[in-house]
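Naming follows writing order (A, B, C and D), and every chain is counted from residue 1.
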């Protein structure tokens, strides 16, 4: 038995004792030390559901995790007790066509930790002990802290997104949405060669953060109209023109949509050069009215991304070498015991919040 | 002076004498022998405009053309008088960044023949004599007729579209829209390795044509609701489920949208496998309400195509070797003098019309 | 206990009783019905070794196999008893970085059946009962025979090779080596869009076979000098010039090297267009003196291929739909009991041999 | 008439008056301000030839150039008098199949400046006035000096090479050869995401330069044997093992061969991970004995590069933003009048020479 933060439904989070599972031969038992909170965690906590997935069985959240290995299964060879690790939270079947061709993020049998998408759910890291497949555990170098290790997962989203963009050195990038993922996309785009990065958001504090940390070269505060519907595509086209004239920039070689908002995707289309790619990272309303006509005459590719594959080792390298500074994005820390406080704080959306991490000794 | 079919506005087509231009050093003078009629020609003829482009100056239509070279400019070396040629109707600047990287279809200075997009317009092939850049003229082998040569242009659209799909042998394909472009996409997909091709359309005659000519393995007649709006995305999702169950097929590795209709693009999303590509060939309403949520969880790439690049030589090979039979798609032929009859016939949309070609001796 | 053809060393092949292994939960027990013989089998039989791999433990050959499932393990869901299947003979670890990114053919823990590369060896299909991982078994449609099913493996090599070539419709192909793999590459290249296929070989019978079966458009019988060294690269350059002039062909957009012979790779470089790819399928002497200078000024990519990945399902589709006719390549059949006769026949290299398949009821 | 440094043959360099050509409509007249010297210049100067190209007509060297526009042709719109520019020295035909698909570096009619490859040669920048195609002139931002501008050309080689590598963030890189091109490849690889860069060379001074300027993370001084032949491939395999053990590094995801030496290419094969790419930048002996066997089992792609395409604008961005510091690579400067001294100095190969630039006011 060990303590876990179990979510039974909207706002019904209980710290209680749960059964410690028997360790399978290819599993390790982990003591989670750091867990980041992301938007989907907040959806589950606030509403008892995230998109189409509703909590029907008790759910332990936590998929941005780093920890310490306390025990290894009989067949484990890549990890040893005492290892400090980052944890990839997506266990796929490894034998279907998607897994076999390297797109295991698309596996129909995916068990994603801390999510109600599977039944019974694959439980997450917000507990004292956590059994996980050994091959999804990646040792952390000494110079990477547990808190930084918990950032490997969101960094993976950005890395996967930038890989999809086929960015090359000297290209220009436009990013809409300056939350944690947008900021990480900016950083990964920079170290992947972007010589010009423009970020847009409705929030001045976020844009200031981006500029102060050298993540964006130029920023633009978006007007609010587009989010509320109204003129829609025309609004977005006008906004993209204003961005170009206000910032004296040309259209971008690659655009990243990191908000999930319809008008923001249309702004990306307006900001995207002929023959460019728009990587859609943000997830919002399923149905969006898109300026497809403009995308066609510009021969733009609209590339959807879903989570990530094969990113953890590379992401750890990027943190360890200092190429990506994730530490500055961790603006809030709480002890794991105070998880409810952390979630409520995050729900209140303070201006200075980028990433909140829960720590445990 | 020579005779041309000059369009002055909606339905105002006049066969009249026009000035024969002086031949520039890198140009050839062509006697057009065959010109195909496509949807954009019909838009200009019926409405005096095509999308955002309105006829302000007299316009000579014709961009699907083959002919005979009657004179060559002083600097021409790749073509000689008497050559039978297919004509690529897009003259780009050849020195801008798009042209230099091989995406000359995106050139801002593009002069597309038979279109009101430039001013003065780049005139088309519906005239007795036609001056054109020599490097855009491709000799036809003896076994390719002028009528077949006029099909090189629409075949180019299909070839460009299939190239964008990165199709490999043994993959499955879904095509919505069984007009000339959809049928050509089907054929190019087949010879590019597609082992299963499903076509859908609202028109039984077109689907029968596709099956009789071995272009589709299975066909599905679409219900009409989606075109009229209504349930929209839900409609498309239901249709795609019905296609799968009615035809006993799985979702496709690649989908081609060849209608320009919103519900058809959503049907493509419903019919597209995880990790697949949807190539958007059809152009319709600029704003379309897309099921982006489904595209995201399936990590689908939505690839817009705009005309074509570097297709003519390859397309001629495909016709000459018999790999693509374009002859059977030419369902209607008219003498060039009877162009008005041809356009009116095409506007009446007879059930058996795939492609109408105007011939001239 | 069941009967197996066990190879103890050079020419020391014994039909004897071996232990039938206990079936693991994810395994199936197969009664092999057809097994093709390939060059590596002959190397093991004749020399007791294949390249760097020597037989140290008794080895059961057979990696081109189809059979019938006679029993399934407790966890198997994708296959049922009685299924007719083709068998992918490469069991990888499925959790290393190579496996995870879809390049499982490069897995360091690969257990390839019928090969002495692992210890103990992963035994092959030349036995009455054969246990194998269920996820590597692919059901055969009713219209695909066991003999054809045994061709899925060599067809996989060709399919993998052509995928690496990024061939598009209307391109030209040069293939050197008209053995089973070269012929299959020709066929897969054709159905992937190649509009011109030139094949070269030192053997007239093979070239005739290629022409008679429509696999090559033009053929060229190679002179023998290059194989013996001598002028080497100069020889190859001269040969490639002679091919172009004798056959009136241009250099190719893609070349396939299917012999493993140094002068043939250099002939490919001579026959390859600027900006083209040469796919190296054949394996011969490790050290080869390559005309790198010519490859550089033509900016050619030399793409090595190693076995295949994710090919079996697609290859079965290609056979089932008739797009690839493998039946005509099976020029010799033997009963499994007469395996020694089959191997000796194959070693004698009769002019009409393309593929020999061993059958078992 | 204006002064030019005209090379008549080996060591026969004359500063003399030459005819100033009439300016064509699409040309500009340039006053070259900075010209870098590279290895091919030295070959022409020392031997009167470079590879297969011999000086038959007087040749003006200089293809790494920046200058000031003093006059523009009647049709020029992208450049104006007084502009400070970097000059792309490759004028292609712009209408052949290679040019049209964006691979204009492969144009058969290429006129490369300062090279004896065309007849009459396309003269280079080592003269007081130089006429050149306007579309190959790229304005320099104010913060880029002429000397830095002359580095855009060698940086282009590196940028083209790294683009070919499809590098993504967090990958490891091995570079053999720490001359100007190798060092630039290192820098472009770093800003394209390489998290680990190992450089090897026979020269300690070069390796120290690489480390001191942060271009390499680890360096290895190569033993001399391989350059002299001898054990050849075995030597290279042993060296690559020693590099891995001495530096505690794994094999690399991408390798760059920047020497043109056979044993160095084989060392790259030894140092390259399974499924990786080796980009061959260096040009040396045409025939090289390659460890193809090792490349095959590792499924390595050997990617030749020839000059560059579409790099100048991006390279200028990289210099202007400070992402690539080219200033520190310019270790030697001479006045253009002292060109002979500069060439003799460069021929003496001083230990501290990376790049020598000739300046002119």
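To be clear about the criterion, contacts are C-beta pairs under 8 Å (C-beta built on N, C-alpha and C of every residue); 3 or more make two chains touch, one makes a residue touch a chain.
These numbers were taken from a predicted model, which means no experiment stands behind them.
S.K.: Compute the rotation angle for the C-alpha superposition of subunit A onto subunit B, expressed as a multiple of 5 degrees.
M.R.: Fitting subunit A to subunit B on C-alpha positions yields an angle of 180 degrees.
S.K.: Between B-D and A-D, name the chain pair that shares the greater number of C-beta pairs in contact.
M.R.: A-D
S.K.: Would you kindly tell me how far, in whole Å, the mean C-alpha position of subunit D lies from that of subunit A?
M.R.: Here subunit A and subunit D have centroids separated by 40 Å.
S.K.: So, what's the distance in Å between the C-alpha centres of subunit D and subunit B?
M.R.: The answer is 43 Å.
S.K.: Multi-chain contacts in subunit D: which residues touch at least two other chains?
M.R.: Those would be 101, 103, 313.
S.K.: Please name which positions on subunit A make contact with subunit B in the complex.
M.R.: Touch list, subunit A to subunit B: 98, 101, 103, 105-106, 232-233, 265, 274-275, 280, 283, 285-306.
S.K.: In their shared complex, at which residues does subunit C touch subunit A?
M.R.: For subunit C paired with subunit A, touching residues are 94-97, 99-104, 135, 309-310, 313.
S.K.: For subunit A, which residues count as touching subunit D in their complex?
M.R.: The touching residues are 159, 162-163, 166, 168-171, 188, 191-193, 195-196, 313-315, 317-318, 320-321, 323.
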